[in-house]
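Listed after this line are the structures, all set down as C-alpha cells.
Here come two complexes built around chain A, the first alongside chain B, the second alongside chain C.
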Partner chain A sequence: MRETATATLPEAWGVLPAVLAVALVGVGLGLVVASVDRAVLAGRTRGAVLEPLREGARLLLEQRRTTLAPDRLLWRLGCVAVPVLALLSLAVVPVGGRTLWSTSADLVWFNAMEALLWAAIWLVGWGPNAFHALAGGYRFLAQGLAYELPLMFALVTVGVAAGSLRTTDVLAAQDGLWFVVTMPVAFAVFVASAAAFAFWGPFAAPTSADIAGGVTSELSGVDRLLVEAGRGVFLGATAAMAAALFLGGDSGPWLPGPLWQLLKTLAVVTALVWVGRRLPVLRPDRTVEVGWMVLVPLTLVQALVVAVLVLSGFYA
Partner chain B sequence: MDLIGRLRSWALARPRVLLVDAPGTTGLRWSLEAELDRRGWTHAVSPAQADLVVILGEPGPQLAHAVDVVWSQVPAPRHRMYVRDGVDVAVALDRGVQDLLGRAGSSAREVGRPPPASFLGSDDGGHEGMDHGGGHEGHHMHHGGEVAGLPMAMTGPDRDGLELDVLKVSLGPVHPGWPTGLVLRAELQGDVLAGADLSWIDAESVSEVGPSLDARQSALDHLARFLVVAGWPTAARDARRARDGLRSEEHARRTAAQRLAEEVTGKVLGSRTLAWAIAGAGRSQRDRGTSSAHPVLGRLRHWCDLAVGRDSANPPTPSLQDLAASLEGTEIGTARLIVASLGLDPVTSQRVPESAGA
Partner chain C sequence: MLTDLSGWVIATVAVLGLLSVASGVAVFVVDSMARATFALLGSFLAVAGVLLAFDLVYLAVVTALMMTIEMAIMAVFMVMFMMNPAGLMPMTMVHNPKGSAVVGAGAFVVLTVGIWTIDWPARRGQLPTDSTRQLGEAVMGSHMLVMLIVGIGLFATILAGTVLATARGRYDRFGADLAARRPDDPVPGGLPR
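Let's look at the complex of A and B:
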C-alpha cells in the first residue's frame, strides 16, 4: 500500500534539491522551536516569530569573542559540528514519507549523531580556556552518559516492534496502530532525551545561568549563532522523529500526509516547550541518578513488553 | 537610510543588556529591569553575550576596575552607559540603543581593546573577580610550564582522594544573579569548590545604610534573582512582574500584582522538582537531620512568605566567614544557589571590612 516507502528523497527529486529541501526543513523546524520557546519565555506571542530572526541577524553583526590562550581549532570545530550534526540527524527523518538517506540502520545513524554531539559540546566547553565553559562541558558529559542508554533502549524498542531499523519501515509498521499506544515510556524517554541532548529547558544545566551560560558563556557572533541554531534544529528534528517513530508519521484521515506530519511535529514541539518551561533546571547530579536507577530499568521493561508482544504476533 | 543600515538598526533594536548595579542602587535596578521586561530585551548572562553594559549609580574604584575588565570582554558592536538615580530609564535606554547603533555604523575600527593578558598579574583585588577571561588562573607553578603567561594548573587530591587538576578561580564581583561587589576566591577541582574565601570589594567606601525598600518588593526581588540562578526563567519573570506591579500607583495593577505574587510563590513552593533539585544544598555536617537540614529551601520559604505579606521570622544571615565555610566541598552550582538564597547586599548586610577566609 505504501509503494514509495523505500524510495529516498534524492531518488525522487534529485540529490541537490533533496539536500536543500531537508536543510530548509531543518532550519524551519529550528525556527519553529525558537519561536515557540520565545513565546513561552516572554509570556506573549507578539513578535515571537520575528525575534529569533532578529537574534540571528544581531549575532551575524557581532564580533567573535577570543579568550586568552584558547584551543582555537577544536573550539571552532565544535561550534560548526553542532548544526552539522543536527542536519545530519535530520537525514533519516522522513519528510513527506521519504528520507534523504536510507540505510538498513537509520535508527543507529540517528543515535550516532547524538553521540557525536557529546564530542562537539565538550569541545565547545573546552576550547575557550575558561572555567565556566569547562564546567558546562563536564555537566554535559555526565548528563549525556545518563540519558544515552535510556534513549538507545527507546530506539531499540521501536526497532524491535517494526522488525527493522529503517525509518520508512517503522512508518509502514504503524499502519494499524501508532507505536505510542504500546510504548508510552519509550516515547516519553525519547522526547525527554531530545531536550537533554539539546541541553534545553530542564536539562539546560550545561548552559545554565549559574555558570554564566556554561559551554556558551564565551561564545559570541557567528559561533553562538551556530550553536543556538544547531540546538533548535536538533530539537525540531527530534520532534519530527518522535512524530514519525511513535505517532504514525504522515498517516491520518482527510488531510494530506505531509500536513499531518507537520501538525504532529508542531504538537510535539509545543508540548515539549510548554512542559519544559514549567520546570526549573534539573541539577545533573540528580538527573544522572534518575537516568541510571529509574529510566534504564523502565526502558528495559518497555523493550521486554514490546518483545513479548512481537512474539505473540501483536504487530503482525 | 541604506539597506544595510536599516538591517543593522532592526537587528540591534533589542540589545542584550548586562547590568552592573553599584551598591545602594536597588530601586534604580528595579526600574530598569521593569523597563527591560516591558520592552522584551533579554539579560546577558556573560560579557560575551552582551551588547549594552549598563552601570547603575557610582561604582567605587575596585568595581570600576572590574567593569573595565568586563568591558574588555564584550564583543563589538558594544556600548557602555551610566544611569544615575532620578533619570528616566526609558529615555536612557533609548539613547543607549541609539549610541550602540552609532558605534555599529561608524566605519572606524574600535581601538584600545586591551589584550586579555594585560589584566593578569596586577593583584589589586578588582580584576581577580573576573572569571570570564583567562579562567585558569593557576598561580602555583607546575613543571608543565606556562601557556600565554598563564601557569599550567597543578594537580592535587580532591574530596574523594583522586588526583585532579586544581584551578584557582574567582567569581564576581560582576556576575548576573550574583551580589555585585562580592568576590569568591577558591580552588576548583572539576566543579567542586575548596578553600573558599569571600569578601566585598570597595568595603571602605560603601555607606552602610541604603534607601529603605518595601519588604514585599525586596522579597520578590530576592526570589526572582534566586530563580534566575536556579534556572527557572518563567517563574523569575513572574516574580519580577509582581514586584514591579506592587510599585505601581494604580490600585488595579497593585491588586493584579498581589495575585501574581501569590500565584508565583504558590508555584515555587509547590514545585517538587525545585525542592528536589535544591534539597540539602547548604547543609553542613553538624545540622544534618535537624530543622535547618535544608537551609536553602528554608530561605526560599521565607522569601515566599514575605512576598505575599505573611509574617516570617528573619532567619539569621551567616557571616561571610561561616558562609565561606559552608561552601567548602560544594559543587559550583550549589554554591551559587546558597549565595543566591541569602539575598546578600553590601549596603544592608553585615559586613566585615577585612576578607574572611575559610
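Let's look at the complex of A and C:
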C-alpha cells in the first residue's frame, strides 16, 4: 500500500486561494467544453471562445420565462444545484497533482456528487410543472440508474488497483503504467457514463428534440445559464478526473506535470465533445438493457481481472 | 466521547442535527410528494454531514450517495403510486395522525431515555488513522458473515418486491407452454433476445 505525503491545495496555498483557484479551474473547464463544442459544431475555431461568453452574458440579461403554477422552490434549487455539484465534484480532482480535499474516500465523493446531480436534474424537470420537462426528468432518472452501476464498478476497479480511494494515491499508483492499459473497459465505461450523467451526445435523450428539449425545455435566462454551465463544468471535471484516474494524471516526459495534465484533459474533452456530437441520440428503449445486461457484467469482469492482477503483485 | 471533540465540531453536529430534524419534520408538513422526498433527502444529507464532522468520511459520503439514489427512486415510485400520478395535487404524508403521533412520541422518548441513561462503554484503543480502511477490514473480516447475510437478505427482498410488483410473468413472456423462443415484451429493451 503506497502512502503518499502529498499536501492538499489548502495546505499549500491557504484555504481561500485554493478554493478560488479550483472554482476558477472549474469555470475554465466549462468554458473549454463550450468552446470545443462550438468549434466542433461550426467547423471553425474563430469565435469559439467568445461565443459561449457572449451567449452567457445574453442569458444573464434575458428575462425569465415562467410557467403556470411551477414548484418554484424545487426548480430554483435544482438549477442552482447543477453547477454547485459540478464544482464540488472538482474538490477531489487533482489540480497540479494536488486536490482541494483529500480524504480516504475521494472516489466515492465524486460518485456521490454525480448521484446528487442526477437527482438535481430531476428537480429541474419537475419544477416547471410542464409535460415535456417532466418527461425528460423521468427519462433521466430511469437512464441514470442504468448508468450508475457500471460507473461505480469502473471507479471500484481504479480503487482496487490503487489500493486506495484517494485520488492522489491513484496518481502515485500509476507511476509505472497508466491504468488505461490494464483497465480499458473501465476507462471507456467511466467516460461514457460520465457523459451520460451530463446527458451528453448519444445519451441526450432527456433533452432530445422528440420531447421539445425535455428537462431544459422550460429553462430561460439565468436558470438556463446555470444548468448549461453546470453541464459544461461537469463534463470538464469528468475529463480531468478521467485523465487523472486512467491516463496517469500529470506524468509524462519533458513537459512539466500540470501541462501534461492539461493536455490529457483537453484530449479527453475534445474526444468527448467530438464523438458526442457525431453520434445520434440513442433511444433509451433500445439501449437501456445494454447497460444492465452487457456493461454491468463487463465492468465486473474488468474488476475481477484487475483484482487478480493486484493479487499477483502486478501493480506493486 | 464528547470531550474528545472540539467546540466547533460539537457546534456543527448540533446545527446539522437540528437541520436533519427540521427537514424530517418538513416531510410531514409539505403538501407535495416531490417536496417531501427532497426534504427527507435534506435530512439524510444533514446526517451525512454529522458523520463527516466525526471524520467518518467514507460512511458520510456513502450515506449521501445511497440516500440520494434511494430518494430519487422513491420519488418516482411514490409519485407513480399516488392517486394523482402527476403528484402536484396537494397531499399529506400523515395517515392516522393520532396513532402515528403516539407511536412517534413513544419511540422518541424510548430512544432519548436509552441514549442518555445507558452506560456507554469507553473507547478501547486509539482512533484509526484511516477509518475507511478499518471499516473495510471489519466488513470483509470479522463482520463478513453478518454483511453476507444482510446482503443476500436485501437482494432477496429486491427480487421478491420486483416479482410481486410486476404484472407480467414468464407465461406472458414465453406463452402458455413456455415454448416461445423470444420473449414477447412490450418494450424491446435493446438486446436481440
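Assorted remarks:
As a working rule, the second predicted complex is superposed on the first by the 311 of 316 C-alpha atoms of A that agree within 3 Å, B and C clash if a C-alpha of one lies under 4 Å from a C-alpha of the other, contacts with A are read in each partner's own complex, and residues count from 1 in each chain.
We take it that a residue touches a chain if its C-beta (ideal position, glycine included) is under 8 Å from a C-beta of that chain, and two chains touch if they have at least 3 such contacts.
What you see is a predicted model; the values in this text were computed from it and never measured.
Contact with chain C, but none with chain B, is seen for A:L145 once the two complexes are overlaid on the shared chain. After overlaying the two complexes on the shared chain, residue contacts for A:N129 are found with chain B and with chain C alike.
After overlaying the two complexes on the shared chain, residue contacts for A:V40 are found with chain B alone; chain C is out of touch. Touch criterion met: A:R286 reaches chain B and chain C at once.
In the superposed pair of complexes, A:A119 makes contact with chain C only, with no contact to chain B. Of the two partner chains placed around the shared chain by superposition, neither chain B nor chain C is touched by A:Q174.
By the touch criterion defined above, A:S102 reaches neither chain B nor chain C. Residue contacts after overlaying the shared chain place A:A69 against chain B and chain C alike.
Looking at chain A, you'll find residues 69, 129, 134, 138, 285-286 touch chain B in one structure and chain C in the other. Contacts from chain C toward chain A in the complex involve residues 32, 34-35, 38, 41, 57-58, 61-62, 64-65, 68-69, 71-73, 75-76, 86, 88, 130-133, 187-191.
Within the complex formed with chain C, the residues of chain A that make contact are 69, 71, 73-74, 77, 103-105, 108-109, 111-112, 115-116, 118-119, 122-123, 126, 129, 134, 138, 141-142, 144-145, 148, 165, 285-290, 293-294. Against chain B, in their complex, chain A makes its touches with residues 40-44, 47, 51, 54, 57-58, 60-69, 128-135, 138-139, 202, 204-205, 208-213, 216-221, 224, 277-283, 285-286. Interface residues of chain B facing chain A in the complex, by the touch rule stated above, are 7-8, 10-15, 40, 45-46, 48-49, 51, 73, 75-77, 104, 116-117, 120, 131-136, 147-150, 167, 169, 175-177, 188, 190-191, 227-235, 237-238, 271, 273-274, 276-277, 331-334, 336-337.
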